[in-house]
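Each structure below is given as structure tokens.
Below are two complexes that have chain A in common, paired first with chain B and then with chain C.
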Partner chain A sequence: MMLQYRASLVIWLISHVLDPLVYLVVWTTVSRSSGGSVGGYDAAQFAAYFIVLMLVNHVTYTWIMFEYEYRVRHGSLSFALLRPVHPIHSDLADNISSKIITLPLILAAAGILALIFHPVFQVQPWAAAAFLPALLLAFGVRFLMEWTLALAAFWTTRVSAINQVYFIAALFLSGQMAPLSLLPAPLRLAASILPFRWTTSFPVEILLGRVGWTEALTGLCVQAGWILVCLLLLRLVWRAGVRVYSAVGA
Partner chain B sequence: MDNAAAIRVRELRKTYVVSEREAGAAAALRSLMRRRTSEIAAVDGISFDLSSGEVVGFLGPNGAGKTTTLKMLSGLLHPTAGEVSVLGHAPSRREKDFLRQITLVMGQRNQLVWDIPAADSFELNRAIYRIPRPEFRRTLEELASLLELAPLLGKPVRNLSLGERMKCEIAAALLHRPRVVFLDEPTIGLDVTMQRRIRTFLAEYNQRFGATILLTSHYMADVEALCRRVLVIHHGRLLFDGELAALVQRFTAHKTIVVRLEDCTADLTTYGEVVSCEEGLATLRVAKDQTARVTERLLADLPVVDLTVEDPPIEEVIERVFAQGTA
Partner chain C sequence: MRYLRLLWTFFRVGVMGEIAYRANFFVQLFESLLELGTAIAGLAVIFSYTSTLGGWTPDQVLALVGVFFLVGGAIRLVIQPSLEQLIESVRDGTLDFTLVKPEDAQLLSSIQRVEIWKLTDVGLGLVVLAVALVRLGSGLGALHAAGFAAALIAGGVIVYSFWMILATSAFWLVRVENILMVFQSMYEAGRWPVSIYPGWLRFALTFIVPVAFAVTVPAQALAGRLTWQVLAGAWLFAAALFTAARLFWRAGLRRYGGASA
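This part shows the complex of A and B:
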């Protein structure tokens, strides 16, 4: 589907590369002006962080929270309900296929950023090995959580307000604006207790050697736990939501 | 199961709770404090059975409850009260085994993915409904030849005309050979040729697969061509359930007599209500039980060239049914 719209692809690329680029420029400037390093990151390490973050974010992001209200209001969900499969399957397929199409672009963008900002990577073999499961689990947590949150559209017409709150929280707590280790302790704690860290930041921390292997192992378990919790919630909320939808009609 | 009713509906009800307020700012504020709601019965206790293989027309004006009923039958809406059984399933449970055997075509909505060719959407349906490949190929060939789809399959859906898209929609909805087919205004917005083609196709599909079909349409030609039996619904209640011919019998008090005369100078008002009289062709409306006598008198009194007696058009009959239902 995305191949049909080359212009939107370019716009998408700009927004996905521009965001991390802005934070990268800000933090490298800050670190240079404060004697070469901030919170354990120098300019090259910031570059490594935001480039990896961009790639991780590309793998885990979803757009489902923007779509559900339209589906519910305009009744396109009805067709999904008529089919003998759960609608989450088509969203999953949609997500994965569009990621595959855009992967070369984001890799190219990462390459260009690397040429400009000279990141430094010191990747342990075990960290490289743990990165992939952490990345896949992060995708699982984020996909299931955002799919469940998107179901709010069954109950309210003000979905954009909920999305706003969620995206601001995610901006701070998932490590998109700054590495979590730079946050004040209470926020850092919140990021770890809530699912946010496990959706984006954690795989980056593993790859860049910011967590030890015991912490990495615990983290993988926490991710798996969140997936179970989200699956359970998704089932409950979905059932209740369909009941509401089919009570009022569409 | 095959001999029993494919669809069984008993005392089916659906009420919507709607909030209401008067226009204006004061009323808007008041409604913040206390929401006034009222219940509207979209479907108000209807019962009917459809046997396997029947094609039944579901008639009613806008807002009569047709679509609501179809949605309850296909599992999209939970009934407020009453009983529905389709192929032995309760539709609102949306069991996979049930969903695999039914389909709902809505003339104003589409399930095909806008940006890809219909053939790709069909392939997706093959996977979703787990249709074995040989069967899928056979069905697709049949549908393609019946609906003349071949030149359309490779084009992105957004580049198809409304009629072409509708043909593809119908094909997509029938690929899994559903035993029960619900059609909500399948010919809406289509030109006469396309309407006729879709009608012919539906009749053919019913013949070939023995599918049970329940369809709503505003085009009486659809109903006349396809359905021996009709259900008439108005304000959520069933006004009539029976053969189309019986509906015409029951609800028409008049017949139309068309006479061609050598000259149109005679005063025809003594014979019946003159609907039109132009260039020697006169149309009269007479009470049904007077038809024979009036015809006799016309033939005896006037220089008649040609004379026919007709039932009023079906649209007029339906209008009469609704008018009586409201009264």
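This part shows the complex of A and C:
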């Protein structure tokens, strides 16, 4: 269904490649001007970081926070409520299927970026093994968290401001604009206490060998913990939200 | 002069349409402030590791961010909403109403809708620019100011002409909102001096999506690194693109079939 809209695919690709590309260039410039390396990253390692980040982002990102306002305002949620299964199932299926379709595109983009920026990887076998569960758990945390936050649309029609606050927090705290180790200590702490690090940055850190195996194991447990917390919150917020939902415009 | 008066009229209409929804102003202000705060926080992180970025000092990059907000705000204030409406009216045939009016149709189409709350971006851009100028201090003279104004005008004309050409392609392609969105997302890259990008990307940001002329070149004037050649080139490019947009618009109008009715 998506393949008909080739122009939208191009836009999608640009918006997903441009951000990591820009920050990669910025940090590469910084590392060059300060003697080749910044905070333990040289140009090739920045390249590796942002290319892997782009791929991890592709697996974990969701667009549900943009959609819910529309669903509530136009009442299209009413139909989903009539079905015998929780609407999160169809969102999950949507998310996964559209990512499978776009996967070749993002892989090609990653390949081209790798040709241009020459990233350096040294992947330990255990890190490669831990990467996959970390990635899947990161998707779980992010999907459940953003789905829960999207439910804010039940209470207010001005979710764009809420979304913006969330995306700015995510920009800094999930490692989108810089590896978390480069941020000031308070931000780094916030990233680990809040779910942000566990939605994106953590799998990247594992694959690039930036965390030891004990820390990796602890991290996997934290991710699992966040999934449980988010599941619980999701249930509570969903119940309360459905009660206030009154299908505007239906 | 008459054109300015027309713009003022549309502006007043925009104000009248929006003034009833004053809460929107605060939401917009909040969002603009957040975006600005993010940009500055990002700069703070980066400049905690280096003293210059590709030869630009923090204050010079701050001036660049000011220009980025100013130009981006101006685009979102009139150019984008008006041209989106133009695309819409080409599709459904309501462009007829614009064509029968006794003013130039290209002008009317370019200023027909004003999203007044986007003035917050323009205002914040000016504030940031002022702060950066104060911090840059006495190194700036009248020549810099003149160079900045000249570069900003050229950049504005280039961006407008570029959008106009994209929107005019609606006469042939009908659905072109997507192309406009490509520009929107590429514009984000203009937040940084284009000189830091690798050659191919710099070329794309200069000539394919002319963000460089709109943001980097005016900021260069304030950073005291604008050469006469670049400024002359910007003006030439602006003149050429503006003429091209005009010719393309004429060709588009010939192609336009009117309402389906």
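Keep this in mind: the second predicted complex is superposed on the first by the 245 of 250 C-alpha atoms of A that agree within 3 Å, B and C clash if a C-alpha of one lies under 4 Å from a C-alpha of the other, contacts with A are read in each partner's own complex, and residues count from 1 in each chain.
Just so we're on the same page, a contact is a pair of C-beta atoms (placed from the backbone, for glycine too) under 8 Å apart; a residue touches a chain by one contact, two chains touch by 3 or more.
Note that the structure is predicted; figures quoted are calculated from it, not measured.
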Contacts of A:I101 with chain B and chain C, given as first, second, both or neither: neither
Which of chain B and chain C A:L18 touches, first, second, both or neither: second
Partner chain in contact with A:L236 - chain B first, chain C second, else both or neither: neither
When both partners are placed on the shared chain, which of chain B and chain C touches more of chain A: C
Which superposed partner A:I193 touches (first chain B, second chain C, both, neither): neither
First, second, both or neither for A:I116, with chain B first and chain C second: second
Shared chain A contacts, counted only where both chain B and chain C touch the same residue: none
Chain A-facing residues of chain C, complex: 27, 30-31, 34-35, 37-38, 41-42, 45-46, 48-50, 52-54, 175, 178-179, 181-182, 185-186, 188-189, 191-192, 196-198, 201
Residue ranges of chain B touching chain A (in the complex, touch as defined): 16, 42, 68, 71, 74-78, 92, 94, 96-97, 99-100, 102-104, 106, 109, 111, 113, 115-116, 128-129, 156
Chain B-touching residues of chain A, taken from the complex the two chains share: 1, 4-5, 75-76, 78-79, 81-85, 242-243, 246-250
Touch list for chain A against partner chain C, complex: 7-8, 10-11, 14-15, 18-19, 21-22, 25-27, 29-30, 33-34, 38-39, 116, 158, 160-161, 164-165, 168, 171-172, 177-178, 182-184
